[in-house]
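Got a structure for you, written out below as structure tokens; questions coming shortly.
When the chains are written out, they are named A, B, C and D in that same order, and each has its own residue count from 1.
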Amino acid sequence: MNAPIRLLVWNEYLHEVEEPAIEADYPDGIHGAIADGLRELLPEASVRTATLGEPEHGLTEAALADTDVLFWWGHRAHEDVSDAIVDRVCEQVLAGMGLVVLHSGHFSRVFTRLMGTTCSLRWRNEGERELVWTVAPAHPIAVGVPNPLVLDAHETYGEFFDIPAPDELVFISGFEGGEVFRSGVTFQRGRGRVFYFSPGDQKYPIYHRPDIRRVLANAAEWARPTGPRNLPVVTNPRRGSHA
Amino acid sequence: MNAPIRLLVWNEYLHEVEEPAIEADYPDGIHGAIADGLRELLPEASVRTATLGEPEHGLTEAALADTDVLFWWGHRAHEDVSDAIVDRVCEQVLAGMGLVVLHSGHFSRVFTRLMGTTCSLRWRNEGERELVWTVAPAHPIAVGVPNPLVLDAHETYGEFFDIPAPDELVFISGFEGGEVFRSGVTFQRGRGRVFYFSPGDQKYPIYHRPDIRRVLANAAEWARPTGPRNLPVVTNPRRGSHA
Amino acid sequence: MNAPIRLLVWNEYLHEVEEPAIEADYPDGIHGAIADGLRELLPEASVRTATLGEPEHGLTEAALADTDVLFWWGHRAHEDVSDAIVDRVCEQVLAGMGLVVLHSGHFSRVFTRLMGTTCSLRWRNEGERELVWTVAPAHPIAVGVPNPLVLDAHETYGEFFDIPAPDELVFISGFEGGEVFRSGVTFQRGRGRVFYFSPGDQKYPIYHRPDIRRVLANAAEWARPTGPRNLPVVTNPRRGSHA
Amino acid sequence: MNAPIRLLVWNEYLHEVEEPAIEADYPDGIHGAIADGLRELLPEASVRTATLGEPEHGLTEAALADTDVLFWWGHRAHEDVSDAIVDRVCEQVLAGMGLVVLHSGHFSRVFTRLMGTTCSLRWRNEGERELVWTVAPAHPIAVGVPNPLVLDAHETYGEFFDIPAPDELVFISGFEGGEVFRSGVTFQRGRGRVFYFSPGDQKYPIYHRPDIRRVLANAAEWARPTGPRNLPVVTNPRRGSHA
């Protein structure tokens, strides 16, 4: 567990290129800001980035083999991620790679496939206040995170969020309009740990904030693999082979 | 499962006697209003009530033996419930009796003993709006309940609510001040089913409302025992006694 | 909840046609024996069957619309179930239809898609004893089931079973060779309830047994929908539309 | 997280004193063997021991304040642990201290109080084989543990084990006589992490084994507090105090 953690931040990288206001907030892309935060709080980590437009979306076999935890930000282009790459990422998660899915990534094909549900939700985007409350104060992902974490303006997500019952419920957000949302949830899938964290809409540049960066750094540490990467497979051992 | 369900509604019955405003809202006591709602929605049910001031607090061995699901409302007098009765109620729950704990009953000795935690929480009472959101829409307790269920004025409860991770999270409330609260949660303890539902402060007479009554009637049906009442006990069967 | 439950038993129906020994055990097919058991224990139920070889595998839109709970038995022909039918069945489950997956159906495309994992496991088939132990004695699926339920000879399944952590663990099997297996597990997916039950290999005609039939009838009742069939969808309601 | 972990191993220390065969297996007591194993695998840890016969059973305020994770072995003398010490230990767990409960400690007053259930189970002691299977292969407590871990002779524990549904099920044991048992289970209670591990009967000196020591060392690391020790308490903050 003492080797430096290897992190890969993936972003579709479209809003920042096409919308000047978002480019102004994120001149190095959303992935760039997330990566900066991870480098800041985890100085020993290896932090790389990848985007949709690169060959194989930057998610080559070699890149994933070299990744302990993959961060995923996507919104408009979920359908542009190729089948082969969705297969590859999901297989790596089941084999043990950690995965942190951010904001509108709830509708990414990687996340919906790992969940098996629609992952649909209620939303509005009127820039209202979001309070992120910790409901599992001793969870490693919540350590050092203010309670509540206050976002003065953000997109509103609300229940019903169609996910399987999470293994652990870490954060619940309350919104100015009265909505609530399970905004920080964990899932084990195969040998891999998955954390979904809802804050992070492209219009509100929260990935520069220390408190949000603390959540992401904690999630990176929490999701890292505990052992070698192996996809669970069917076996047919003879009687007594275990004894 | 077809025998009429037998329900017992317990209330400490102090606020209604001592505070005229509350007596005006609940002339038959909080227990009376809850019982009326259960009779209305479950016309075949047997519904009785019991209060702190009765001998053995109305919770005799015979009374509990005749009860499928016990409802519990208490606030000021948790410490006045005798040890023997706390023991008796907990034992019956572990043996299979259903239990529905309401509002400030989170601090009842019955509930804290079954949980094993402090059951502490954050609170304010300024009559603000509470929205009760369903996060498990197919759960039997949520059937027919509006989403959200809107309480224009209620006491505010907030996280961190110090309970074990519930088996099922059915409702999350969002409050006008931004607080959130896991307001409908289920737990299996021994052979008994436990449901905690936070709405129901004495100052806001919500137990007359059809939507709240729907939650309580659903909870009664959900919590009823599935089999004979038996406390789990240690056993020492010989080898092969099962084969 | 009082309308007669509508059950559909699906079977690939290949072993019984191709292997005389299995045909002798199941002259009406595995689906026929399961359906007989359901009719016996749930006399008011409507019980139909469908098989792989029928048009649309017998799983037409109309057939599923008329089904509260679908039972699924498959082994050799998982890949022969068409994409369209897998999509259709999964969508109906997420919308509220109950699903009971049996034995080697752990590798069906319907089940693996709803789980999001490989669903791989350890196995041997040497006809050894299986004891099915109840670890949730008050669960509706366990009511009336002997503890343990003894199968003198059955295929051995063993851990690690690569499924998400189940919502409820009802049965654990112990095998003569020392293997253990989470043999009765529940999952909520969308609005639908899913129960996986591992006993039922084609070589051991256990679907004629009263105790196994009890499990299946209980599962049918447990998995039936609690409300109207609706696929969760994303919504964008305006502020205050709930208040 | 980098300060050396502080471990305290508590044992009633009666069998080893009164029964020569057990003294021969554990000349330094069961606590001595457990402590040796922890020192061996966690060389930077501070490992102390305490026993029932010491003043305050060795569990003074100061001793607990200096403990990150408490190990608990007890069997015959659960009732001899004073109320005050049970209160103190439980309060420290709820405030964040880790707790690892071993074998017959399932009936300790500390464990039953934190669980809220009877913690009863089925047992036989005929020295048969126990196989401890990992059902959560990526869980930190399972890392480096053989699957299965084979105990050629041990006491048999069986279901139904009357505990609340665990947060995580790590190990299931299968026994020669066909019994199964949830032998490694985790619970969060308040801010504290609890792990129960069933192997470790006094008649079978397994605490000298490297594989069992690996489980205990992993559990120590897993259960250590993530933040400062604070008992959850009720709070009454004013509106907007969080914003």
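By our rule, contacts are C-beta pairs under 8 Å (C-beta built on N, C-alpha and C of every residue); 3 or more make two chains touch, one makes a residue touch a chain.
Small disclaimer: the values here were computed from a predicted structure and weren't measured.
> Which neighbours do chain B and chain C have in common?
Both-contact set = A, D.
> Any idea whether B-D or A-B has more C-beta pairs in contact?
More contacting C-beta pairs are found at B-D.
> Farthest from chain A in C-alpha centre terms, which chain would that be?
B
> Between chain D and chain C, is it the same set of residue numbers doing the touching on each side, over half shared, or a different set?
Mostly same residues: over half of the interface numbers shared.
> Let me have the rounded angstrom distance from the C-alpha centre of chain B over to the C-alpha centre of chain D, please.
33
> With chain centres defined as C-alpha means, what is the inter-centre distance between chain A and chain B in Å?
Each chain's C-alpha centroid was found; their separation is 37 Å.
> Two-or-more-chain contact residues of chain D, please, as numbers and ranges.
Each of 129, 131, 136-137, 148, 160, 165, 167-168, 178-179, 188, 190, 232, 242-243 in chain D touches at least two other chains.
> Which of the residues in chain D come into contact with chain A in the complex?
96, 129, 131, 136-140, 143-144, 148, 150, 167-168, 188, 190-193, 225-227, 232, 242-243
> Could you please specify the touching residues of chain D with respect to chain B in the complex?
So the residues of chain D touching chain B come out as 90, 94, 113-118, 120-124, 126, 128, 160, 162, 164-165, 167, 177-179, 187-190, 231-240, 242-243.
> If we count contacts the way the header does, which residues on chain D are in touch with chain C in the complex?
Residue list for chain D touching chain C: 129, 131, 133-137, 147-148, 158-161, 165, 168-169, 172-176, 178-180, 182.
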